[in-house]
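Chain nomenclature is as follows: A, B, C and D, assigned in order of appearance, with residue numbering initiated at 1 for each chain independently.
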Amino acid sequence: MYNFRTDLADERRDLYKKANKIENEVDGIEAEEEQITDKIKVTRVKITDEQGEQAIGKKQGNYITIDIQKMNIITEEEAEKASETLANELRKLVENKIQSKEDVLIVGLGNEEVTPDALGPNVVKDIEVTRHIINYLPQYIDENARPVSAIAPGVLGTTGIETLEVIKGVVDNIKPKLLIVIDALASRSMERISSTIQLSDTGIVPGAGVGNTRKELTENTLGIPVIALGIPTVVETAVVVNDALDLFIEKLQQEANSNDYLNQLKEEDNYEQIKEALLPKDFNFIVTPKEIDELILNMSEVVARGINMSM
Amino acid sequence: MYNFRTDLADERRDLYKKANKIENEVDGIEAEEEQITDKIKVTRVKITDEQGEQAIGKKQGNYITIDIQKMNIITEEEAEKASETLANELRKLVENKIQSKEDVLIVGLGNEEVTPDALGPNVVKDIEVTRHIINYLPQYIDENARPVSAIAPGVLGTTGIETLEVIKGVVDNIKPKLLIVIDALASRSMERISSTIQLSDTGIVPGAGVGNTRKELTENTLGIPVIALGIPTVVETAVVVNDALDLFIEKLQQEANSNDYLNQLKEEDNYEQIKEALLPKDFNFIVTPKEIDELILNMSEVVARGINMSM
Amino acid sequence: MYNFRTDLADERRDLYKKANKIENEVDGIEAEEEQITDKIKVTRVKITDEQGEQAIGKKQGNYITIDIQKMNIITEEEAEKASETLANELRKLVENKIQSKEDVLIVGLGNEEVTPDALGPNVVKDIEVTRHIINYLPQYIDENARPVSAIAPGVLGTTGIETLEVIKGVVDNIKPKLLIVIDALASRSMERISSTIQLSDTGIVPGAGVGNTRKELTENTLGIPVIALGIPTVVETAVVVNDALDLFIEKLQQEANSNDYLNQLKEEDNYEQIKEALLPKDFNFIVTPKEIDELILNMSEVVARGINMSM
Amino acid sequence: MYNFRTDLADERRDLYKKANKIENEVDGIEAEEEQITDKIKVTRVKITDEQGEQAIGKKQGNYITIDIQKMNIITEEEAEKASETLANELRKLVENKIQSKEDVLIVGLGNEEVTPDALGPNVVKDIEVTRHIINYLPQYIDENARPVSAIAPGVLGTTGIETLEVIKGVVDNIKPKLLIVIDALASRSMERISSTIQLSDTGIVPGAGVGNTRKELTENTLGIPVIALGIPTVVETAVVVNDALDLFIEKLQQEANSNDYLNQLKEEDNYEQIKEALLPKDFNFIVTPKEIDELILNMSEVVARGINMSM
């Protein structure tokens, strides 16, 4: 399979269409776009069969992308509109799976000590939890309120425990009917960093995009439906350089300055070689806006408010 | 039972002896002191039967108190000595319960967003976890290493989930042989704030000292031995005022300025009245050194290093 | 002079009236109250001559107190109303001193590493500074905008430099026409912690309330008008105990359980003795709500937004 | 002049030698290397005349580079050795400029809310300041102690005030004899991020490496000698891509797969085009290790301890 190096179904579909020179829609995939405001756009991609599944390497199900432009200079009003858009899309997915008063557990994946990985734990801090109030002080809360709980299980490197092991333990004990899992994703596009939200009803594999595959969090492994809410926070440096090289050769081709060797090179995937040749081995180099700390805070707020509104 | 308003076995024993004018040891209690350096002292209290249990309202078992003087101006060398002392005492308790290569799970209770409650989560961040290395990369670690994992489960108010529910879920899934639970305690003594460590092999009830009783974390509820590591980080304001009043009347008595009414008053427990009369209701008022942020950081470091040394 | 142990003119006036059994207003002091909403109240105290000055130990000038009830559970709407109230009162003081396009420098006093002392530095982080835009990119800003700059000079203990020395240096170099200085205050009332704002046009002496007197920040020392914005964030433990003792003896007197000795004691100021007898010497013990971290964050937001609105 | 896109004299010298195919030393430049341990290396570059100055675009003076390998997995012992090495080199520079009891002011440039820019403010927090003790409590300190003060002036974008204006104000008021200014630098090498320290006795221009030139901090502008301590914390994304492209064409040339157009391209500086063509405009994209938060903390500790040891 083509190596997409992005977790976004939307980006994968674009890459697949471009690579295979497909004008219309890919077989087994349906897609629609809705412009919410001039800054906010929703794209709904549905993978309907195995053909679509194999084309872009994502499970059958719904993948909704919310793009927010210029997240760094977003006004308070636009941020609220973004939260509202998220709430609307999320509500549809949730209501498709469970009844109105059934329990939801929100899980924020990631390491809160690592800025681009802290989104999940940050969101969890701002979730309005109600499960304990409904259990212990029902008189203080609307009787139709949905029980919501929230947890940040940490990462394997700092806990020594697989995320799935923690989550499975909690799920077995408190028996929610649905999981919403928030995670940082990889994307190919620098512009999408902390300004795109992907929702899907197929669950997720933590860290899929950056190479450290852990056990998946899905209905298969947990026994209840899992909605994934993912946000791109990093682009790998080797991906940026690889894309730059492709663009560069493309430009040479247009100007008739290319040659056979280069033309062939462009057809190949040079990611591994670039990684090998260009990047120091000791670290996991990423490309990120210098303002990432602030972007992550803004996005955490948009997401937490959106989830709270949908519950 | 007398209301001790402290979680420290050591303080309860002192209060009990004073209240009952006992010169020697309380029946059912054994105690010994060891001065480690001129700044560090270890007190080992053992509750041996039901009589001791009822006297001070603590379960039968071992209670070890490590006192470190002038924690605010501690040198690097003294801090290391404190960690070493903790490691020695902890190692004895652990080896009493499990074999050398058996799994330990460290649990840091408390809310990391609330300074005096953040000690547990802070310590967890500095624990050297090994369980995942032993599982996935055994070639990189000494074959006699003990599998250690660590988790900060958050608090009911921010997760909506009882601490016991999270811990029980994790314990059921990863099956450690022993738990070490770190928690902030209440004390009656301002001098003990962030400068005393209590170890015990009887488990704990989170938040026991400050009124918000949750379900206990003990061998009863979890099925494996639980070592509690507690550190006083707050004194309740009503306790300080109550103690001040007692001292005040005592001084009046010494100077023959007291009267019948006052003498009688001193025999009573005026805590509830003080709480009612003097303190605003909206908050949970505590007495704390202004330098608490720094003290908590220093103590977290001492404890994390001590645990790491003992493993 | 009576030792008020509060920085709030409003509290001093109450204490003075009570101590001197004054029914109406103190000579040399004018006062008015305005209830803004059911949760927000403004009290304007004006010290008009030397008699008022000597009575409560505050310089001639305006002292405006904004009280916000239940700051811990404030809604977003109420918080905005509080900011608006602050903006209105502040605007009047500012317009009394300088013209519409004249430079203002905002100074946030305090140590950001010490929770109850971090309010000033926190507010400064959220001030919308415009001076550099007006200087370098005037096309991007309304031509009537006021040049605003902001600085957090740190504290003597961590910089080795007097606050006045830093501020004077900056004032001499960038020549603003007015200073607004934000500082944490001491109060006698636990209920006022992080829920009262005092504005005054007389400048301030940093740390006056908690014993570490530094050089004053006033028009005298800086050559430009200084508006002080102060917020109580701590109550000293000895003050709480002292007040509790007074209340206690008062209750004894009412119940005719007092005696001559106690009656006399109540007339005295026992603060120093209490401090000596009851409190460990190594720390600066304060009484604070356990939720102080969150209260400080909420209040910082209210204040920063209020200042931004007034500029 | 060649556009080096690095603030490190050492890197510029290498680039200049490579570009001009110089085997030995550049005229007007002297250099020596010393391997301190197998992980720590010191390179001392001295620019002795105008020729050297023009070659690499740095003022005449001393540039000392301390390289620490594998900073991410450094042991406590190695970190201390690194601090010691820094202390030795710094001490020589300081003693060259001022007498033993003369005042030093440490300045930490940068924005503490932006991870890769927070190094300066972080270091300042750990400096042991003595100036106020010598002034107010001389009995508590060695009579030969050097008065040290420290300040983090913030950045133009958040204060509205030029760094030079703040520093000049403070210098005029407290009259130190020497400034040590700590700043984040740009480098061309990802491996140097948070693992190289450059010392120089020529002062600095804040932000020189990343395009936002502010007024310089030198003896010219401040009237006292300025030692600069700089640490690379970012590499610009366009620089990484540009370097990757050069390496790529070089490889084509070696394999005889290049062509005239490419050969010529390699001689040019394509930085601006890459920046234009490849990078989104809204952000300042940087390449950084994902572990940058932790690296910055480790490096801050090494630097603060090194400065403290040298004073």
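Going forward, a contact is a pair of C-beta atoms (placed from the backbone, for glycine too) under 8 Å apart; a residue touches a chain by one contact, two chains touch by 3 or more.
Nothing here was measured: the structure is a model prediction, and the numbers come from that model.
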**Request:** Would you kindly tell me how far, in whole Å, the mean C-alpha position of subunit C lies from that of subunit A?
**Result:** 46
**Message:** Can you compute the centre-to-centre distance for subunit A and subunit B, using the mean CA position of each chain? Integer Å is fine.
**Reply:** 41
**Request:** Could you give the separation in Å between the centres of subunit B and subunit C, each centre being the mean of its C-alpha atoms?
**Result:** 37
**Request:** Would you give the residues of subunit A that are in contact with at least 2 other chains, written as numbers and ranges?
**Result:** 113
**Asked** Can the chain contact pattern be summarised as a line, a ring, a star, a complete graph, or none of these (other)?
**Response** ring
**Message:** Show me, using the given definition of touch, all chain pairs that touch one another.
**Reply:** A-B, A-D, B-C, C-D
**Asked** Which residues of subunit C touch subunit D in their complex?
**Response** 113, 125, 129-133, 147-154, 156-162, 165-166, 168-174
**Item:** Residue numbers on subunit B that touch subunit C, as the complex places them
**Value:** 70, 72, 113-117, 190-191, 193, 234, 237, 240-241, 243-245, 247-248, 251-252, 257, 259, 261-262, 274, 277-280, 282-294
